[in-house]
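Next come two complexes built around chain A: one with chain B, the other with chain C.
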Partner chain A sequence: MTTTTAGAESPPGVPVLEARELSKRYGRKTALDRISFSVPPESFVVILGPAGAGKTTTLRLLAGLEQESGGEMLMDGRSVAGLEPKDRDIAMIFDNLALYPHKSGFQNMAAPLLERRMPREEIRRRVDAVAAKLRIAHVLERLPKTMSGGERQRTALGRALVRSPRAFLLDEPLSSLDAPLRFELRAELKRLQREEGHTFLMATPDFTEALAVADTVLLLRSGKIVQAAPPEDLYDCPADCAAALFVGSPQIAVLHAELREGLIHCAGLALPLPAVLEEAAEHMRGAGADGFLLGIRPENVRVLLSFPSAPETGGQTDIPGARRHAVGQVTDIESLGLRSVITVRCGREQLRMLCSAAQRAQIRIGQDLAFTPADLERLTAFDRRTGMNIGRRTGRRTFSPCFNPQ
Partner chain B sequence: MPPRPLTLPLRTLLCCALILMLFPIFWLFMTAVKPPTDWNASPAIWVPAEPTLINFKTLFDPDAIREYGVGGVSRSAGDAVFGSLLASTVSTLISVGAGVFSAIGLSRYGRGSRSAPLVILSGRMFPPAAIAVPFVIIFSLLGLIDTYAGLIAVYIAVTLPFSTWMLKSFVDDLPREIEEAAMLDGMSRLKAHLTVTIPLIRGGLFATTMLVFILNWSEFMFALVLSYSNINTIPVQLAKYVTATAGTLYGVQAALAVLAMLPLVLGGFFIQQHLARGMTFGAVKQ
Partner chain C sequence: MSAPKLEAAGLTKIYKDGAVVAVDNISFTVESGETLALLGPSGCGKSTTLNMIVGLERPTSGDIRIDGRSVVDVPAGRRDVGLVFQDYAVFAAMSVRDNLAFGLKVRRTDKAVIRREVDKTAEFLSLTDCLDVRAGRLSGSEQQRVAIGRTLVTKPALLLLDEPLSNLEASARPAVRQELRRLQQELRLSIIYVTHDQTEALSLADRVAIMHHGKIIQEEQTLQIMQYPGHVRVAQFLGSPPMNILRGRLADAGGGVKFTHAAFAVLFPACALPAGIRERGPDKQYALGFRAEDLVLVPPEQGLWQGEILGVEIRGGDAVVNLNSHGSPLQCVVEHKLKAAPCAAPAGTRSESAPDLRPEPEKEGFPTTRRTGVSEAVPETSPAFDVVSLRKGAPAGLTLAPENIVLFDGDSNLRLESTLVPVPQCFNPQPSPSVA
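Here is the complex of A and B:
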């Protein structure tokens, strides 16, 4: 073991885990391309990305299971280069859990303590305590194959928790569970992490999971970090168009828009330029272009069941020429239970919007439907060519630089 | 999958197959207890009227059979049994022992050199006859000819690619995360492989050991060309029961063959439960 013992405090500001320009290549294929990030003490950082983005590779590099091709990894500010997995004081929960199939729940959970030559009574005490906390005391004498999915999951978690390592790496730990159990365990993970002050780094392809538990989300795509931000910023101010499409369900609508005479023209709308997109307007003037992509989240579009005779201006006189609502043809209705998603076609553009069950009852596929963007300050703009977000890059909440402690 | 009840045509087919497979073994056992007069009687005698153990006795006392007026083999089969046991056991243990580590190495750390397993397997593609003569020459120079050390070395060289290749398929089927979890639990790589990987591929290990042992046990050509007088194995001894005066001593051959089956039957019996699982080549997740 290293000098870092369980529960040791690092100096304030020093991240528990840090990657600097970390790269990994398999032959000619680049799995990770110079990524840098840090995981502060007692935080819950989530690596979010589609399959093949490099999430698992990142965790395996940090755990010492693979050799990095370039860059540096630090734990509590010290380089871990060349350290074997057993010397890194990291626990990892694999997506297939990797319980010892021939050992009981107790033996599985006791394994890391046995390896550390802890006295028998102390092992018994610790395992029992963790088992009680995870509510798996009843499976301690059973083999993994006789446990339910949730019990196996908790046993794997318990094996990590008994030894309070410096950091926990979780590789899609909930992916094999069905939805209700996943929600339950997700909340439990977050509670454990917060109450015990653990440091978690979790990989997941599921943005709802990431948004639900993360303090900071690292959005990974093709081996690069696209965005590192708190969940709210990731949702409200995605780094680029693909990030916006990846995070959020139902998906954001991305429309072709043009800026003319201070108005955003798209899908039959002519919207006044909101403050949040002033930078985008600057950007386009600089680039000599006036076309861009406008992102509108479904929950930011209001269904208007009766076509309004007067423009919706909130009682104020509007900018001349502004059209805050438009009409499109309903092409699809999808029920989410409490609310429904209405897909509307406007010329070549397609928009999605949420409506209530009461509204849903009055809408038929094929009919014309009027709609209006609810909050112009929540629109996003992307460069038509690069897809980069050209509007304001941080949310209305002040940006907390927790992933970059300098 | 629950066993399907057998339909009548299926039963008939199975019976035919069984008779076809078991008949040589039946014939072998019968011949082993036939007196020399019954060996190649015509018409064939299926079950001897007076079963005798003279053939078995002749194995270890070559002149015992002279009371029937046949004989001509002076060498006892005792050293052949000893030689086969020694060469097969030692070479199998070393081959499987080295094979399990090369299998783990190839499966877990062999990335980048994807052709290495194939190169190893290509060692098996030589027809043994093509390399037998070079072996004789080289071994003569090294003084390894007509020694058990030499024979064992050849057996290891021939079966190591096989055991590596076969064990690799079992290691490949074991999720690597299980041993990686052990490493994160605090084990060194070596300890994780010794205490996690190897016990978990136990079934495959038994199956491989069994098959490699059978290969070595029944090997004939190398044993023949590499032995003069100091070493002997059962397959070589079997070929020696051809005499100028009495022709082939079928009954004695059969008796030795029955003896040669013993370790395989016993071994198979003791590891059958592991064998059945190992034979699925790890297709079923454990």
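Here is the complex of A and C:
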């Protein structure tokens, strides 16, 4: 099925939705502080942020449900100022997807089209097409109370998706679902968005959901956009320390580190400066500081079950003074199934690392454990005072042909 | 006094004159100082089981014994069992101190003892600083600690936790899980932990009992259950993503094992059917289970079989690739790959200034097995991929080491003890005759 868009197609390069310096104040409280972003056609953009960050406010402003305090919003390059919600050609999908209990699946899904006086055959065609996509064709003649939870949620989603507005705004559409159903439906949402060429702007507090479906993530905090990036960049190159802590589970460890004689000293380690942190070193030289915060993700720390007597350098001579492994005391072991998270205390620093079930069976709480960072290019550096990422933030990831891991 | 042992034997609960069997003849044991998780989706009977142990509901049949003594006829208040609910149920208008003291006050405990026990519990749960704060003003995780503290202060022999974390926001859960683990370690209570969240069950319990439609379908040591699911349903319930399942027939063929699915066939090289399976005859149906972490993506022509990429879900350090293989959905976990930065050494060479500690990458590019030895410091991971290059619609080759396959009987869905036997390959470069 090809997309039948109700509104005019935008010229190439013009975003479907755009916010310029958009602000919203409630009395003296600033909910949104001059945020700017754009949503390109057929893209899936996710606003990620904790409760109270301004996610819902952003969506409500775009939908026309609230009046902005400043800035501008454009649809297909044209200002929407003064346009009523119904004239904006935007569909909004909320968390509580209620169905009419006395109407069948079909009647529920057809409701928005009936309101728009669409011809019967066209309604039938659209509802059937969306029901097939969401795999709920078998419940169209049934009442909601005879459907499973997942079928009800799909029917409710289907009701929103039978329309073809220029953009869909989704406000935590899956947050009330059990985990397995949530995983399943978010994959369906993504598939439907891509296959139908819909334009989605979704708000969520759940970073796993954002990473899984987004083309671009807008990280929102206290009414400001902290970072706008593809999911993999948000994870690998977080804009600041708080963003690094917010995205990723188990959480990144943030250690106090010092740069001396070309070596990063932290938690008993002395690591050669990786290329990715050369800019951070420049930054520190410029600021006359040598202390910074080093971010290291748990999957980037390897457990060493036997303490290596000789420095592990892969048979090459290491630079003088380098110490690539250190020892800490195990304070917590958390099994995640196939892998476990080991928490280790090194002086006043705390690190987490992932290990296999076989390794975990040999580790006890309270014992000393040696560890080593696996890939120095995956370290992140943050300014000790501002928390800003001072390493290289862009250009680390390049495209490569499929199936060419080397 | 050591923590008690709890036994449930043939426990059954039937509602509505036999119309609804909520709990269907289940038996389990919680050893002294052990944590057992009852894990299952909502409606599987786990909360009913808990209510019977507490004494809020009477079993239709079966027995509950604490340290060998039946408690079925003992009223709830005298079973020496502490229950923590999922909705905390703290008294919001009371101070934390009064909340903690409540259970002791109703037992008319001496005031000095109450004070001492409350202070001790508050310190243990890091609540000392908020003893005089009204409980309703605390955060969700603090309220949960108050709820746990209120139960702990009465020193129950057996602690029952009913979805204790389900009302907390996701970001607060890891810390509370860690807190609960410390509590287990230091108090060594016997605990039953009811949850639908496998992360909680796996990270907190010594053993896990998986419930489905009122029955326990598998009870296993936590560290074992992921690797040895006893039933297809357990395999499809545990893990994120859960195990892949393919159904079809198995036969020895050309030095390997041929798997015939309704829509395609795969020849797993260098392995053989164990005798027990060969004896069952060629017409038996099997379900092959394999973890998404063990399925390996390779170029299409190098695969044992093929699939089409439906989409990629980035998780952080790795990503889940959704595939369609001849009509069967499969999932595969691939690691993120960071590309060499422009100023860094080209891939394949190691910079002199920054020698790499990683183990040597597999020379052939695509490792086929990752069940590594115990002593090795390499986690079992998929080869690194630049996930942004895995595009929807692209064909993909799939390989899988035979030793990573779990075999289930296709009819009963129960796991078979035997699995495919790897056959060591000769170093002879000429095609060797089948060793099997």
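Throughout what follows, the second predicted complex is superposed on the first by the 364 of 406 C-alpha atoms of A that agree within 3 Å, B and C clash if a C-alpha of one lies under 4 Å from a C-alpha of the other, contacts with A are read in each partner's own complex, and residues count from 1 in each chain.
Going forward, contacts are C-beta pairs under 8 Å (C-beta built on N, C-alpha and C of every residue); 3 or more make two chains touch, one makes a residue touch a chain.
If you're wondering where the values come from, they're calculated on a predicted model, not measured in any experiment.
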* For A:272, select first, second, both or neither according to whether it touches chain B, chain C, the two together, or no partner. => second
* Touched partner set for A:372, first chain B, second chain C, both or neither -> second
* To do: Classify the contacts of A:90 with the two partner chains as first (chain B alone), second (chain C alone), both, or neither.
  => first
* First, second, both or neither for A:159, with chain B first and chain C second -> first
* Per the overlay, which chain contacts more chain A residues, chain B or chain C? -> C
* Which partner does A:386 reach: the first (chain B), the second (chain C), both, or neither? -> neither
* Could you tell me if A:212 is touching chain B, chain C, both of them or neither one (first, second, both, neither)? => second
* To do: Quick one: classify A:67 as touching chain B (first), chain C (second), both or neither.
  => neither
* Touching A:362 in the superposition: chain B (first), chain C (second), both, neither? -> second
* Would you mind listing the overlap between the chain B footprint and the chain C footprint on chain A? => none
* Structure fact -> Within the complex, chain B is touched by chain A residues 1, 26-27, 63-65, 84-86, 88, 90-92, 94, 96-102, 111-112, 115-116, 159
* Asked: Mind pulling up the chain C residues that touch chain A in the complex?
  -> 41-42, 169-171, 174, 177-178, 181-182, 185, 196-199, 202-203, 222-223, 226-227, 238-241, 291, 293, 297-300, 310-311, 313-318, 320, 322, 336-344, 347-348, 350-358, 360-361, 365-366, 372-375, 377-380, 383-392, 394, 396
* Structure fact -> Seen from chain B, its contact residues with chain A in the complex are 111-112, 175, 177-178, 180-189, 196, 199-200, 286
* Using the touch definition up top, name the residues of chain A that touch chain C in the complex. => 50-51, 178-180, 183, 187, 190-191, 194, 205-206, 208, 211-213, 230-232, 235-236, 247-251, 272-276, 278, 297, 299-300, 302-306, 312-314, 316-319, 324, 332-339, 343, 354-362, 365, 372-378, 392, 395-406
